[in-house]
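Multiple structures follow.
The same chain A turns up in both complexes below, where it pairs with chain B and then with chain C.
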Partner chain A sequence: MNKVMSNKWMIAIYILPALLLVGILIFIPLILTAYYGLMDWNGIGAMEFIGLENYINAIQDKNFWDSALHSFLLAIFSTLSLAIYLAVSMILASKIKGADFLRKIYLIPMLLSSVAIAQLWIKVFNPTNGILNRILLFFGVEKPPIWLANPDIVLYAIFIPILWQYAGFYILIYYAALKNIPNSLIEAAKIDGASPIQIAYKIKLPLIMGVVKVTIVLAIVGSLKYFDLIYVMTGGGPNGASEVMASYMYKLAFSTNDFGYGSAIGFLLLIITLIVTVIIRRLTANDEEVQY
Partner chain B sequence: MNRLGYIILYLCLGVVAVFQILPIIWLFLFSLKGNREIFAGSPFALPKEWKWENYLKVWEGGIGTYFFNSVWITVVAIVFTSLFASMATFAITRMQWKFNKFVLGLFMVGLMIPIHSSIIPLFSMFLNVGLIDNPWSIVITYTGYNLPITMMILLGFYYTLPREIEEAAVIDGCSIHRMFFRIILPMTTPVLSTIVIINMIYNWNEFVFVNTFISSDKYKTLTVGIQNFIGQYMTDWGAIGATLVISLLPILIAFIFFSNKVVEGISSSAVKG
Partner chain C sequence: MKKKAITTLLSLAFILLALVGCSGAEESNSASDGEKTIEFMHLWPEGSSAKHNKIVSDIVADFESQNEGITVDVEVLSNEQYKDKIKVLATSDELPDVGLTWAAGYLKPYVEAGQFAPLDDLLEGELADSFVSGTTEPYAIDGSTYGLPLELNVANIFYNKAIFEEYGLEAPETYEDLKNVITTLKENEVAPIALGNKDSWTGSMWYMYFADRIGGSEALTKAISGDGSFEDPALVKAAEKVQELADMGAFIRGTNGISDQEAKSMFMNEQAAMYLIATWDLPNYTTNEQVPQEFRDSVGYFKFPTVNGNGDKDSFVGGPGVGMFVAENSDVKAEAKEFVSFFIKEWGEKSVKEAGVIPATKVDAESMELPQMYVNVLNDLNNASNLTLFADVQMNPDAAQVHLDQIQALFGGEVTPEQFAEAHEEALSKQE
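Our next item is the complex of A and B:
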């Protein structure tokens, strides 16, 4: 038995296709990104080694920091919106008829591509014909905003489709966690005279804290990598007001052909994402596993 | 709970449901209207005359090519991902060797890497081997980038398989390949279907790789292709609506039939992360 199951050739045959693909497509490019960041390069011509110049420029680049700020704002919005999702899941999980059906309805936007979502919401935000402003006009708002063309509000406007896109995802996760809480705990609290609010806050929330922490990490890290929707909806505009780190990097590399500088930004994006991941994991580290 | 309480709870849930579903219903409605009706009529009125010709127009405009590309690229990448992920997970969880935990760790690190940090070198690598503007670059990329998450979903299932299966197979003189393809792989069917659904949603909707690696219209997939279409029909809202509906229909249909698998897949791929 052991001889068969530890045959080196067989192990290699089974592990190598996956390992090679991940190595070539994910890990080698990562190293190359850091390396290209040291080059002056337009993507096609000869590379010229310029040391840390790209990285130094990036650190002094106001546009880069603006885009980083926008990414962090999105991360904050996303984290705050978890509270709404959590509240909805609490209601959904409290023995409501049709909960399964509603949960599936909530999930539908999550299935659509960011491009389709972006195009749909461009129409929703359309100042003259979009449903959003039609509804606002109906309720007597006289001058509804020009959502995507106003640099002061574009980032908040973009957050609405993000809230819409991920609602079902987080509600689904919280709902599953809440359903795992043994009923006896809730019943016991009820007998002791706890109100529904108290039960939600004092019993259910602490019990699913582990899952909540995971979703905080997911929301923050996901926001730092956010790209498709913004790229299609506004292209980072107007005037850079909705540029995020990934879209800025993409623009540098594939629109202005500054591959060296783009790589430096790409590498910084990676570093920032990893640092933030480690920090939140530390902050939200489980002190003790929940025992039912 | 009293009656008023329930009414309030349902009201909250209803508001969220409306928020989630209203834009899609509106999209479907205007995909069947002419511009005049869209611009003048009530946004939620049913179309006065159902303009199915909007769909005919975009279909004849060539959306079929994009659709076909999306289908074959999605399917081929799913087959590769499922096969390679199953093989690797089998080797890591069932076979005995020293570095299996380390190799597993490598795959799991792959989960944390933002694709944007590696897309520039990927582009130049594909350029050097002549895979730019070749749909196989997309297939390979989807396969590689979906491997870590797919293996993560598979892991739990593989760990729970009883050892006796392999023992019995080995005693009967079964080779590793026979054991994997004839015994183990068929046993993982329930989790494989979850994996297929999750990979389908990812691949069907993917945008950045296609947008970067593919330049010819004939190789573009639906997500990137609809961008062209929408540019082309700038002011024809009916046609834009029809284009979008066509792009999201396959996923919606899959969801209607396999919603439990989708729910399972999304929650297992998320929480374990």
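Our next item is the complex of A and C:
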């Protein structure tokens, strides 16, 4: 077998199928998107080469930067909420009553499709009939907010279902990582008189730091390319107040027939996400891996 | 040595697998024995538009039985998915032989790319004189018609007569009347107008009617075509009126975050007294069995009121709905055209009778037993002095998007009427 593996031709043959698939499914569309970004094209008729004009327009486009800002806000909120998910999974991983049941409850949003979640939360947020405002009215709030129509609030209102949607996913990851920590370490700490907080902070957290870093990257990248819930719930409105990069790209390409410009935005979205990912990897890469 | 042979074989198999996965799917379309297939895509799924769906199936079945050797292959998608898919198909030059399209701004890029076949021969031949005047024009570009409309829609304000009666109100004739009605309803804690402005074309209709009543039938159309301006005082005034209504709380709370569907359900659950919508909703207030009879009996409609004595109540906002196109590079173009012509002839009467659609073709209302509200609407159309095509349909898609966003901003009070006008002018100036 070793002989086979040292044969360069064999290695090439082994890699080839995967390479072909990755090339066809990922790199060719990527290059095409960048290429379409150089065109003035309505998606239907003839293309006209206009060089970097679309990219220059995008960089000067206030709507694009607004939607980029919204995407970054989502990324920040998602990253911050990881702390809550981590705390929850630490509680779940310790021996509390009903932990098993609670863990299943947290997973439910993961089982629903985004569209179903969006429909559910549209109902929750309904200004007159929605459960949220009904509760607020019950507690004597005179004019409860119009969640999805107020441009100052809509973005944050939409973040709630998004964070809710992914809670189960991250809790599951953290839970699995925490369960992997050898019990003997925690027992030893207990004998030495460490409090539960100290155990969580000084022992558990450092031991799952690798996983935490991965989830940070996942949360940020996921947020930057986020699309579906926002598209269904507000379509980026009112008047662009909840537009994110991906929904803006979609709107340009499909609603306004500006395929070239939409492609340029799509490619910029990729570049921004790549840059952010590299930065995060750099920032979090300096610690060495722990060994049990 | 044997091991090496096996691994080589295995890897070859992998490569083959990968290659097979990439080819194929080409052969399916070769009709051999004289059989012809017309691909037809429409947007009335059985679930959400059962009656439309049935009419289409009936017409297709009739067509197939009368034309031996031709089969019609039907694909159904819901509205938004349909729009997305047709665009992707056009990009790869694989449009269905016959499909549905919208008029004016929507149609234009397809025509310019040479994707739709001109249908003038049908319009001048078999279908001559069968359309209501003014319905095919929005489908014409540079003198050729590229789509034949199926529906005609005009917007009216529907209102709940039971609620009006309860508070001693009458259908308003003027804008002042309308404001009084709104004030009374508000005093009694009834939401006056159901409006789902998340979809923004809904709010656009309010603006268009004000523009029509204040500026006359031409002002808006001229502003859009560039012969006039959105900064025309009448059009700015129209925007002011919209905000006046919004400020007095005429529309349901949070209208910018509510979809048309939700607003409609508020109206139909008697949580709001009025609802401006086009005639595609007529069945809900007349023949739709799923809506309680009591509610259907309590719905009436009135024409958009005059404003300060200005405006002609017989001038409507509306336009043809979807129309049929034939793909330019269809393999079965002649058959496809025949199908379209057959479809349109059958559609007219069937669609009024069975689905409650106001068709774009002329129908003899007298010969059919129709609910009174249909007869009234058909009469209105006969006496209409003008029909202004929906603004977002008139504009090209870029400008339409700006218009729709600005409508939301206008209702939300984020822009002044002057800024609203300015944004339109800027967007339209980019339009060539």
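Definition applied: the second predicted complex is superposed on the first by the 267 of 292 C-alpha atoms of A that agree within 3 Å, B and C clash if a C-alpha of one lies under 4 Å from a C-alpha of the other, contacts with A are read in each partner's own complex, and residues count from 1 in each chain.
The rule is short, and it goes like this: contacts are C-beta pairs under 8 Å (C-beta built on N, C-alpha and C of every residue); 3 or more make two chains touch, one makes a residue touch a chain.
Fair warning: this is a prediction, and the values are worked out from it, not measured in the lab.
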Contacts of A:Ser195 with chain B and chain C, given as first, second, both or neither: neither
Chain B versus chain C as contact partner of A:Arg134, first or second or both or neither: first
Touching partner for A:Gly45 - first (chain B), second (chain C), both, neither: second
Touching partner for A:Leu21 - first (chain B), second (chain C), both, neither: both
Greater chain A contact set [chain C / chain B]: B
Which of chain B and chain C A:Leu269 touches, first, second, both or neither: first
Which superposed partner A:Asn180 touches (first chain B, second chain C, both, neither): neither
Partner chain(s) touched by A:Ala167 [first = chain B, second = chain C, both, neither]: first
Which superposed partner A:Asp258 touches (first chain B, second chain C, both, neither): second
Which of chain B and chain C A:Leu148 touches, first, second, both or neither: second
Doubly contacted residues of chain A, that is, touched by chain B and again by chain C: 1, 4, 10, 13-14, 17, 21, 24, 43, 128-129, 254, 259
Residue numbers on chain C that touch chain A, as the complex places them: 3-4, 7-8, 11-12, 14-15, 17-18, 22, 83-84, 87, 90-91, 109-110, 112-115, 191, 197-198, 200, 252-259, 262, 266, 271, 396-398, 400-401, 405-406, 408-409, 412, 414
Residue ranges of chain A touching chain C (in the complex, touch as defined): 1, 3-4, 10, 13-14, 16-17, 20-21, 24, 42-46, 122, 125-129, 146-151, 154, 234-235, 237-240, 251, 254-259
Residue ranges of chain A touching chain B (in the complex, touch as defined): 1-2, 4-8, 10-11, 13-15, 17-19, 21-22, 24-30, 32-33, 36, 43, 87-88, 91-92, 94, 96, 102-116, 119-121, 123-124, 128-129, 131, 134, 164, 167-169, 172-173, 176-177, 196, 211, 214-215, 218, 221, 224-225, 227-228, 232, 245-246, 249-250, 253-254, 259, 262-263, 266-267, 269-270, 273-274, 277
Interfacial residue positions of chain B with respect to chain A in the complex: 1, 9-10, 12-13, 16-17, 19-24, 26-27, 30, 38-39, 43, 84-85, 87-88, 90-92, 94-97, 103, 106-107, 110, 112-125, 140-141, 143-145, 147-148, 151, 166-167, 170-171, 176, 180, 201, 204-208, 212, 223-224, 226-227, 230, 237, 240, 244, 247-248, 251-252, 255, 259, 262-263, 266-267, 270-271, 273
